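Data block below; observations after.
Naming follows writing order (A, B, C and D), and every chain is counted from residue 1.
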Amino acid sequence: MEKIIYRRPVQYYETDRMQIVHHSNYIRWMEEIRVAFMKEHGMPYHQLEADGILMPVLGVTCQYQMPLQFGDIFSAGCHITDYNGVRLTLSYEIYKEGCDRCCVTGTSQHCFTNADRKPIRLPRRNAALHDLFLSLLEQDIAEKL
Amino acid sequence: MEKIIYRRPVQYYETDRMQIVHHSNYIRWMEEIRVAFMKEHGMPYHQLEADGILMPVLGVTCQYQMPLQFGDIFSAGCHITDYNGVRLTLSYEIYKEGCDRCCVTGTSQHCFTNADRKPIRLPRRNAALHDLFLSLLEQDIAEKL
Amino acid sequence: MEKIIYRRPVQYYETDRMQIVHHSNYIRWMEEIRVAFMKEHGMPYHQLEADGILMPVLGVTCQYQMPLQFGDIFSAGCHITDYNGVRLTLSYEIYKEGCDRCCVTGTSQHCFTNADRKPIRLPRRNAALHDLFLSLLEQDIAEKL
Amino acid sequence: MEKIIYRRPVQYYETDRMQIVHHSNYIRWMEEIRVAFMKEHGMPYHQLEADGILMPVLGVTCQYQMPLQFGDIFSAGCHITDYNGVRLTLSYEIYKEGCDRCCVTGTSQHCFTNADRKPIRLPRRNAALHDLFLSLLEQDIAEKL
């Protein structure tokens, strides 16, 4: 079972007329999970932004296996699945609490820019963050061996 | 009947599990209507912002008489109901097309600031916009007499 | 100081181009706070809905005194300020953690309906919920004396 | 150049603190575009739902090449890139008006269910819609040859 790093109740306003969470909201949840993941590893995203490092989203994918509803609590895991100093890919697994199955999976791909949105190379700009991403990537690879 | 200055279909993602438009979205519609109202009067809001004039929201009210649903088209009117150079109040009426009744009414109150969010006096800062708000206010008063 | 019944971080996607929380999101927060308030008092809203009792929103008001930003944590209090068996009014106070001032206040007014959205009288339909609302109203009145 | 089937202004509330459209909103735009695409081809989605045919989203992908901002108008094309009677894949291209480059591309994959969310085979359930999807798929293949 996945290590859970984030959990919260589904909000009423996140549902749609099918009476399930609207599919666009899982993209927002991936952002919440990513922010919690960064914070858990000592690198709060709002501090990175304050330091002039942005991580714009280059792309997302999301697969919906089972819908969540109002009244459910979701929990989530997050992994670094690729990182090379200029690009970062995260994967997400979203669970419904009290139910073993993974409900939604997704990925997001990011680059790194300064406050003017010019691309930066992370190893030069923030070595600690670079080392963190690298070690988390290695950890993810090791777990899959 | 109200003069209509904005219309568009209800979006699927704007509905909630009651199968009606979530009440928070009407606050967003009021913003869409306000932006269309400013544009119709030759003062596009994105140009005001580019000129360093912001109109932050101080307060909103909204009354829900009849819900709208996916498949409906909404139309809306907008009026200036108060203006004194430092504060502006707008009122909104939202209709369901093909149905005479007003479905939702609301108001928003605004001040004026520069790009650093310091309050400004509009008569000094943008006389044309001041004159526009004043004449629209007079027009609203005249219509009610 | 207000009794806090809900707190969570501001989400990135809740901000707008003014770099503050978009004003419409506080209406959504009021819903989150209301849901937490009902749960805290042993009446989870998703169970009420499952029992065929809905609390549609008749109206909202919201006053914005100080903006919140990404990186902030908000906390909130909630009170019943009016209740008569067919109508319920709640008030909300939203704080920025680490800052004493109340940032946003609001109210929401509700009626009670069955699953077909026909109005119901709560005392007959769910006496326990009626008693709860009444005692919370009395408590709010007592606190203000 | 792509055939444009949908256009509208970017809304203020769709922007985030990077001052660009939040990446999750493009997933919502894909839904708007899909709804407009169905309507343009004589199959309004709200009528399909009224007839008991739902098209739940199985997955989405989205690539962000250039951000849109408040003040921009977006326009969009839509194609059927796969269809086999039980699965449908649509692709989307989003442009900024007055700028030739495609800003955002995406795909959505759908199945077909009845109102109880049980899978249905479209050829049996709605032959006209089946024929439409098939002919639009053939058209897309023909254009690429």
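Please note the rule applied: a contact is a pair of C-beta atoms (placed from the backbone, for glycine too) under 8 Å apart; a residue touches a chain by one contact, two chains touch by 3 or more.
Just so it is clear, the structure is predicted and the values come from calculations on it, not from any experiment.
Most remote from chain A, judged by the distance between CA-atom centroids, is B.
Centre-to-centre separation between chain A and chain B, using Cα means, comes to 36 Å. Each chain gets one centre point, the mean of its Cα atoms, and the points for chain B and chain D are 29 Å apart. Averaging Cα coordinates per chain places chain A and chain D 25 Å apart.
Multi-chain contact residues, meaning those touching two or more other chains, occur in chain D at positions 12-13, 24, 28, 31, 70. In terms of which chains touch, the assembly is arranged so that all chains touch all other chains.
In the complex of the two chains, the chain A residues touching chain C come out as 8-9, 11-13, 28, 31-32, 35, 44-47, 49-50, 70-71.
Partner chain A is touched in their complex by these residues of chain B: 12-13, 15-17, 19-20, 22, 24, 69-70. Taken in their complex, chain A has these residues touching chain D: 18, 23-25, 27-28, 31, 54, 56-64, 67, 117.
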